[in-house]
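Note that chain A is present in both complexes that follow, paired respectively with chain B and with chain C.
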Partner chain A sequence: MAQETRIIENTWDLTAYQWKIESDALDLFVKGLKDKKILGRKCPQCGTVYVPGPTYCRKCFRDIDQVVEVSQEGTLDAFTVNLADVKGTIVEHPYITCTVKLDGTHSFLMGVLEGWTDWRSIKEGMRVKAVWKDVTQGALADLSHFQLTEK
Partner chain B sequence: MNERVAVVGYKQTKHTFDSPVARERMIYELVKSLFKDLGITRDDIDTFIFASNDFTDGRTISEVYTVPRIGSFMKDETKVEADGLNAALYAYMRILSGLYETALVIGFSMAGSEFRVPLTQAYTLDPVYERPRGIINFYSTAALQASAYMKKYKFTDEDLARLTVKNLQNANNNPYAARKEPTISVEDVLNSKPLYLPIRQAHVSAYADGACAVILSSKKAAKKFTDTPVWIDGVGHSMDTYYIGDRDLLGMEHLSAAAKKAYKMAGIKNPKKEIDFAELHTNFASEEPVFAEAMGLFKPGSGKDVVKNGDSGIGGALPVNPSGGPLGANPINATGLIRLAEASEQLRKEAGKNQVKGAKTAVVHAQDGPGAQLNTVFVVRR
Partner chain C sequence: MKRNVAIISVGYNGRFVSKRPDINIPELIQPAVDTAIGKTKLKHDQIEAYVVGNMHTFEGINQPHLWASDHFGGSKKPVMRVATGGSTGASVYQAAYYHVASGMYDVVMAIGWEKHDEGDAQVGLMGILLPEAFSLFNFGPDMSEDRGVAGLGGGGSTGGAAFQAMSYLTKAHAGIEHIDRVAAMMRSNAAKNPYAHLQQPGCTEADIAKTPIISYPLRYGHTCPTSCGAIAMILVSEEKAKKFGITDRVAWVKGLGSGASDATTGNIIEGQITDPAEQYMCKVVAKKVYSMAGIKDPRKDIQVAEVYSGFSHQDLMWPERLGLVDEGKSPEMLDKGAFAIDGELPLNPSGGVTSTNAIGASAMVRVGEAALQVMGLAEGGHQVQRKIENVVAHGWGGLFQFVTVTVLGRTPVKK
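And then the complex of A and B:
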């Protein structure tokens, strides 16, 4: 009887590709982070404040160039307790990933939530603030985490 | 149900070999300026259809990052993993269904600067028999076809060089073309770098960065966009087996089938007489006589005479690729859709130096897969 499946080896040259990445939104965002500021862009037509800020509004389909510095405080939108990694392995030190809506913005920032002792006492809508790394270098990781400011 | 569908708007980028902007900005600027030209907003488009390819884009679900860049945020959007003319076929059917009145179709590529075309194409080959041995690719498949045609019909290297020059002269007058070689001679083509004989570098289409957007509409909605709609009166689509070993590369029976279907639908009995010009998706100059003959535009094996008499030139009996075709610009995925835009431009007498006089009916073609495994044919009229 014939085998039903078999393995065939192939190779793949990843240098086949190189991508140009649009830099406008990222450049503005990390430039702000270096100075411990959170920058975004605001659409003059619909008023949407995007963080990070693209150079166009996806709703109004127009260019936007108004840069705004936004609040470093906001509200907790949703959170999850990370008990496993992407391979399914149970992690030794569970941590919380959350989405935060900074005051006055319409985007959600994703980050690690700290300042809690029992995760069961965390509630959506609690107030948080951005916490910076001591030394910032103009990278996404400059924004260390979000800290709960209420119990 | 809608009964008739028209091309009511189109725009292409000026294609380049190294776009100064990323694909997201390229397609956003293109669609924004098309909307501006037509005096419309994204609210005037019912459905959006992308033509992109995960292999040539180098990422899975290749349109995900680009969706909002064509105005389709929170709208009906989908994708065709093939040439843009296939996406236009999809849009055409959506409008015929009556569920949609208007559709925006877009194809784009960064083939000029972001990926190595023959290498990435080779990854799309049959993974059992073709890919692991590495002895066949899209270029060599075209060379096998070219060699078969040339031997059977005594089509010489010089004939092929003349055909190449004809297209490059047309491309030189096309403001969107990436490849500009105004002084190229038959001798230059014959002496260009040999790749897979009889294919030389000069015969290869101009893989480029670029995009093309086309708006289709029902008859009812067309007035809102233009007073000069271009009607899609016939469509045909056909594919051969993926495995090259099971195909007749020269016969192109599947392309003939697609063309016959489109002609029948458009009421065309004698394409040689009734078609005024053709825009064909040729990745290599050598494909032109093979495709044109399979589509019934010229007598089988007449390629040599067609070149000699200049029948496929702009002033000839049946001009083929008056735009210069993909030899001037081949932004993969947009290339077949560009044929539709170029044909529409011709039918609306907007083609400038490349204008075919008195053109009323055109046939448009797109291909995909190695050696044109899959073909789409449109008959368009003004």
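And then the complex of A and C:
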């Protein structure tokens, strides 16, 4: 019995979704991005600094409201290399998503990694800095990428 | 808990395979049920209650347990369905344990299955990710070129696991070759398990290294297959086990527990992404379970481990988080052959999840395989030959945050 594969082309109107998950953390975060600042929240009990900053501490399980501006430099924690695009075509310049621990913070921020020539030489623990879009508008996209500051 | 519980029988529907277009879900489950019952002197009507589970949404069928209940013997009997993502099978088994341990029932069957060819696992995963992804759209992420999709890679299975793999490798000072090596070991272990899906006798590190990178450092050869298959287990109380005269070849449940940490995609929104390789909850749960099982030193008292690793780097990570190996020392253990079936700590003699993954069954297969090892009934050459007192089985699922741990042993804990 022959197996038949059917491909159905369609579009999906995402604007139909009018709801959102309340996220004070991201509200605060994007507000800071507009001014090219990275904002988080600090737990007064255990001192943990979260970016983006939630309104409760996962360790102490208590409300936290102390807003802190954190460093725009940090260290590369983990990364993965996308060697192909969504359709599976091999790309010339691989797309690297990474998690970064900004100095003085205790959580990881996800972003895009640039400033490398050979991805095989990238190591965890390398120093990075945040790079901004020229014009910021209070959106996640304002933070363009993280740039490696060491080779 | 009030009473001791024993696993007295484990049955599979047959060998796990990619596709079973010839049968439907009830027909997939039924042979596993019949096999489990057939290995005992029990009759179908002696099963008092059923706990069943598969991964919700993956098969595109909403209430498969209602459809299948006539076929597994659940008609007019209590049936409970549990779904906790990848850890489903272990959660089903734990619920079945409590059915018996609590004194409510004496003979209970646990069934886990997945018929992956009926649906699309990736669509199922997207169903979990999408609400949070749509929420992120409210905050203006960069959607140019591939950035939008790739940026959300933290929610996709391999993408998220790749971060964990990278973090693990760095902390353990290990390389991608260690993942290749452990992956090869699992596929060759699978060749000794007649029920395993991807059986590659004598699979080598080089065979795995030839497979393409999916999301660095994870290759195709490091990822689990999507399998079709079912497992059924019978759990009975200590009194019933004595009454049936079957206290010899059974596996006693000595300790069990589960825990949850932060969900990965939820963390992106809430700013609480922590090290995905830390797996703090696994350490907490394991400690609790060992104390329940009366195990003082897991390295001495546990002889075999069956861990849930959807991706091969986890076969190195879990033994450490379960307290069986020092942090960062798994690559060394692997290199000296300690994890082999005849090694000092046999790891996944069955071939593990990277060889066979029918999701709703997988975490129960870990428990079932642990039970078979304790009973000495693992077939086809994957039975560990040295004396086994205790085996640990581990399950993992949800959005990286659910963990289940169980210790099965040859002798029950004194009540």
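Following the convention adopted for this analysis, the second predicted complex is superposed on the first by the 120 of 151 C-alpha atoms of A that agree within 3 Å, B and C clash if a C-alpha of one lies under 4 Å from a C-alpha of the other, contacts with A are read in each partner's own complex, and residues count from 1 in each chain.
The working rule: a contact is a pair of C-beta atoms (placed from the backbone, for glycine too) under 8 Å apart; a residue touches a chain by one contact, two chains touch by 3 or more.
None of the values given here were measured: they were computed from a predicted structure.
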| item | value |
| --- | --- |
| Touching partner for A:W116 - first (chain B), second (chain C), both, neither | neither |
| Which superposed partner A:R58 touches (first chain B, second chain C, both, neither) | both |
| Chain B versus chain C as contact partner of A:W132, first or second or both or neither | neither |
| Per-residue contact with chain A, leading partner among chain C and chain B | C |
| Contacts of A:V81 with chain B and chain C, given as first, second, both or neither | second |
| First (chain B), second (chain C), both or neither touched by A:A25 | second |
| Contact residues common to both interfaces of chain A (with chain B and with chain C) | 17, 20-21, 58 |
| Complex interface listing, chain B residues touching chain A | 19, 21-25, 28, 32, 35, 41-42, 58, 68-69, 71, 73-74, 110, 113-116, 119-120, 123, 127-128, 131-132 |
| Contact footprint of chain A on chain C as seen in their complex | 131-132, 134-143, 146-147, 149-151, 153-154, 159, 162-164, 166-167, 170, 213, 215-218, 262, 268-277 |
| Touch list for chain A against partner chain B, complex | 8-10, 12-13, 15-22, 56, 58-59, 61-62 |
| Residues of chain A defined as touching chain C within the complex | 14, 17, 20-21, 23, 25-26, 29-30, 40-41, 50-54, 58, 77-83, 85-86, 95, 97, 99, 107-110, 112, 119, 123-125, 137-142, 144 |
